[in-house]
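You will see two complexes here that share chain A, one where it goes with chain B and one where it goes with chain C.
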Partner chain A sequence: MAQATGIVTITAATTARAAPEPSGWRAWLRQAGVLTALPMALLMLAGFVAPLLLVVAFAFMPPQSFSILQPPTLANFQEIFANSFYRSFLASLYLAAATTLICMVVCYPVAYAMVRVFGRVAGVLALLITAPLFVADNLRLVGWMLFLVKGGVLSGALQAWFGIATDSMLYTVSATLFGLVYTYLPFMLFPMIMGIAMVPLEMREAAFDLGATRWQVLKEVDIPLAMPGILIGALMTFILAAGALSEPRILGGSSVVMIAQDIQNEFTFAQNWPKGSALSVLMILVAGVLAVTLLRRIDLDGIFGRR
Partner chain B sequence: MVTTEAEARAAQPILQLRAIEKVFDQFAAVDRITLDIQEGEFFTIVGPSGSGKTTMVRMLVGMDKPTRGDILLRGQRINDVPANKRPTCMVFQSLALFPHRTVGQNIEFPLKIRGVDPAARKKRALELLAQLRLPDHYYGKAVTQCSGGERQRVALARALAFDPEILFFDEPLSALDYKLRKVLEKELKDIHRQTGKTFVYITHSLEEAMVMSDRIGVMNRGRFVQVGTPNEIYGSPTTRFVSEFMGEVNILDVTVGPDGTATDDVTGARYLVPPSAGAGPCSLVIRPESLRFVDGPSQAHNVVTGTVYNEYLLGSRVQYQIRVGEKQVLLLENLRDQRYEGDLDSPVTVGWDTGDSMIFPKGPLQ
Partner chain C sequence: MNEIGRPARWLYGMLIALVLLFVYLPMMTLVMASFSRSKFFKFPIPQFATNWYADVFASLSIRSFFWTSLVIALLVATIATVLAFFGALAFARYRWAGRKLYQKVLLLPILFPQAVLGLALLLWFSAIGVTPSWQAAVFAHLVWIAPITTLVIAIQVYSFDPAMEEAAVDLGATRWQTLKEVTLPILTPGIVSGFLSAFLLSWANFPLSMFSTGADQTIPEWISAKIQSGYTPQVPAVGTLTMLAAVIVMALGGFAAWLHARRRAGLA
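Moving on to the complex of A and B:
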């Protein structure tokens, strides 16, 4: 009897190997890939998915409540669109788009030079660009505040050396934008470097050889082939800038209210978790749609050299 | 008046290299090369890796500038004309097809650059697809989905769309398997005939060069060792380097005495050799197909005895490894129907005629 069972088991195993049929969730769970991914999956579940679900749940709770066990309602969303909360949304999206564009224009020549021109110096430059990231961005922004504030480093120097009296440059939309560009520049630069490094030199030479001018090489070869890196950089910069909190507050002095500040206000001063959650959900939706649309256009396999 | 002009044009080489030199860190990758390439010619530059052939072509296409010397295109100095202003183009070793473009867009690229309208572009691309025996529906196919041979054809079509005066090739076939390479070599020669354009081809395979070229230049250490027709290169190589480059050859180290006969440095045997440049240490080169099995000394000018150590079947031909004494190994090649009938390791006599051997003095420029 025991022997017979043994034989049956072996036969089953052989058939499973010969033709990989779905043999239940047990077999699936025993795969090496699933097992190795398990710790990370559990961590993500507890640390990322669960809080996210909580936020989504709270977004549908009645205003000013602190429990998720109530009948769901759309009151929060109605209030957001009825009152002027969408303004901070638009401000965020607008500033994020501007930041992304400016970073793109500023970073492309730098990234190109780091890949093709600077050679060994590029490593040192990369270090210099990353070094400020080791200091918390709040502190760096306070540094800029001292630089830009009326009677600060910049206006003081202008006054002393050239006799030019300047008004405070702080607490403006431009100062906010400057802060955003400053903070998120590396997030555009490094993916862009990766993208440009992926353009084979021979591809450029071939285009050049076939009669293309410098601009045509840039338009037809350089940018399209570096696009995966550029898109990833743009995505990171946009999403990070759209959720920025310190820049509008420290450099912008609340001359412009961005969405992150609104969300924080709802969760703290206003003690209105459902509304804060609803704002967050809208923000996540915008970022998510953007990320999915862009990432679908990028060939990740190509980037990781799997093709 | 018009005819004389046309005649003068035809007589003038399309491309002239005047002592061109490319120096990298005091190392001359291309060392004072002077060469004329004729209109409509299929000229192949052959050389081992590091011989300077790619460096040379990069200068001819305009991607690098010569350190010294002049490049003349139809008599006009073009040293300082950048690649995108030269009426020449190159098929890269990697082909450098644009992966983000379709087959059609790749072929149309040079036309798009020139501002040709889309309808005319497409018409030309389809013509080229037909000329290179690719089906019409490949027009919209992604380049990344094409096979090696198909990509090769797309790259050639793109270069032809440019309509260059000279078409350069930098070992485009080297990554392909033997069979496909043979097919494409012949196709390329056909295309050369059809278009009548000047082709300058680079390869490390003299065999490939033989199949396609009108003239071959064998390069070594930045210089041409020999320039000639395939027949000349094969039949009368001027140096040991060229003779060796063709493929497997027997090279014997010999010393030529004052009487004109050679003594084998290894076995001490005496050989009759072709009249050489002078006495002293020389290399005696015998092609495997020039060696044959003989019954006795009367059947060939030179004979040696050894044992058959190994037999290699090469399809239509068969090769034998003959061991002479302890240290010498000779390679003999016969047609398959002239197979050796005896046993391995049994003694044999092999011989060759003086006229089938080549002798080169040993010197620095071998």
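Moving on to the complex of A and C:
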């Protein structure tokens, strides 16, 4: 009996999968896809959507308050723009843009070489690039600190082996930028590899046969066809770098304050949730607009399923 | 004309080698610094010793941070894998109204700065009355890691022929039997790599742990605290040990993949 009902359920599910019957939300909810999506969807609601909505709500509450049931106000945003708290936001955008640009220029030839020149060992190379993501980013930055600090690996070696005295290379804006490029390089490289692998070889050959120069092939075939990968990489690098916390702290000293540091101050030491939330809203807006624009353009089935 | 010449090949090889050196340089520096005898790091290292490792192994507090990190990572990996197994079927296997939206929502936590997400979760926990603790950190990690695990498994699901499931159903299997006897075994490689990457990402996470663990502390948090309060060579020593642990986990994964491939080849 149990067996029989089981079969009935399965058949129902299969037909629903083939053509979703338009008989209300109950039928929609019974589909296998909806049922399997439910746990993840709930996690996203409770762990991502709800917290961000709460942040948005707090951004419009009076300063220093700890409840969202008060009359909304724009005081926090006025405070941010009146007392130049937006500077950390602009600094973050600037550093993120510079990071994205540098990573893009560095990663394209590397990704190209990995796919087209050393394709046979591409799997190993991709693993070698991914593996550092399994080491805490603040730990890797401490490694750079020991490398760049005065008397560290670089300046120590220059002094001992070549007699060149150098000053500390840490605690500057460039050191922060260096840390950002280091941390987010894999986030550019990986999608770029996927993008370049999607360019059909025949298309390039056809272009060459028709008399295109190397430069023309790069400009007219390689880059446009690899664009989905390049865009995902650029977007990820930009958003993640804009919200960076460890790089300006460990390598940058106090030379530059980025927005995540300001938000942290407001949420922890200053205990001013509404202002920290208003600063977060700036970050959410940038990340949201960029992510939504990108996700509307690309086909995820095509990228992950290679179909 | 399209062929890549020998000099170009050599140049590209150099480029990749340089990038790999750049990527691994800080980690090599850490390993080296951990074997330096003196309290203050100096290069070239005057004297090598393993005294800092002895210190680390003797420290009860460091041991407890290791356990906290390990328990969080194991729980995150287990829960993320279960959620992601179903999540990936919904992502790549079934056709349903709302799938495109679901796919995009899943990518949003990955496309969002972790530190800002951690701070938003801190606010959220306070608002709903959850005291930050290692359990809260498990939840915070899941928000970011479970979607990544879903993508890892989804890539395997895309290469999976639905006809296999249909055949099982035609032969009289229940929905549950089909899942257990057909879907699960076929997806095993994706599930294993999903589990391992979830474990490693949680093990190495700092920004989410920082704002969600409260009084509990993980190893990356301890490293950050030590850097703030003053450098000690225990930092590179602990760092080297956590990297070693990650390498062992990856090697186990590689071994499992090799075994799986060999068994497949044996069957064919």
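The definition used in the following text is that the second predicted complex is superposed on the first by the 276 of 307 C-alpha atoms of A that agree within 3 Å, B and C clash if a C-alpha of one lies under 4 Å from a C-alpha of the other, contacts with A are read in each partner's own complex, and residues count from 1 in each chain.
Definition applied: a residue touches a chain if its C-beta (ideal position, glycine included) is under 8 Å from a C-beta of that chain, and two chains touch if they have at least 3 such contacts.
Source: prediction; values computed, not measured.
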Exercise for review: Scan A:Pro71 for contacts with chain B and chain C and give back first, second, both or neither.
Suggested key: neither
Point to revise | Greater residue coverage of chain A in the superposed arrangement, chain B or chain C | key: C
Exercise for review: Based on the superposed arrangement, let me know which partner A:Met203 touches: chain B (first), chain C (second), both, or neither?
Suggested key: first
Review point. Can A:Pro224 be said to touch chain B (first), chain C (second), both, or neither?
Key: first
Practice item. Using the superposition on chain A described above, determine whether A:Gly163 touches chain B (first), chain C (second), both, or neither. Key: neither
Review point. Which of the two partners, first being chain B and second being chain C, lies in contact with A:Phe134: first, second, both, or neither?
Key: second
Exercise for review: Look at A:Gly24 in the shared chain and tell me whether it touches chain B only, chain C only, both, or neither; answer first, second, both or neither.
Suggested key: neither
Practice item. Considering only touches as defined above, state whether A:Gln216 meets chain B (first), chain C (second), both or neither. Key: first
Exercise for review: Could you tell me which stretches of chain A are touched by chain B in one complex and by chain C in the other?
Suggested key: 205, 208, 307
Study note, to complete from the structure: Touching chain A in the complex, chain C uses residues 1-2, 4, 8-9, 12-13, 15-16, 19-20, 22-30, 32-33, 41-44, 82-84, 86-87, 89-100, 102-117, 119-124, 127, 139-140, 142-143, 146-147, 150-151, 154-155, 158-159, 166, 169, 172-178, 197, 200-201, 203-207, 211, 219-220, 223-224, 227, 235-236, 239, 242-243, 246, 249-250
Check your understanding: Contact residues on chain B for chain A in the complex?
Key -> 61-63, 82-84, 89-90, 92, 94, 96, 98-100, 109-110, 112-114, 144, 158-159, 162
Point to revise | Touching residues on chain A, where the partner in the complex is chain C | key: 3, 6-7, 9-11, 13-14, 17, 20, 28, 31-41, 43-44, 47-52, 54-55, 58, 68, 106, 109-110, 112-114, 116-118, 125, 128-129, 131-147, 149, 151-153, 155-157, 160, 182, 185-186, 189, 204-205, 208, 235-236, 239-240, 242-246, 250, 260, 263-264, 267, 273, 276-277, 280, 283-284, 287, 290-291, 295, 300-301, 304-307
Point to revise | chain B-facing residues of chain A, complex | key: 200, 202-203, 205-213, 216, 220-221, 224-225, 227, 307
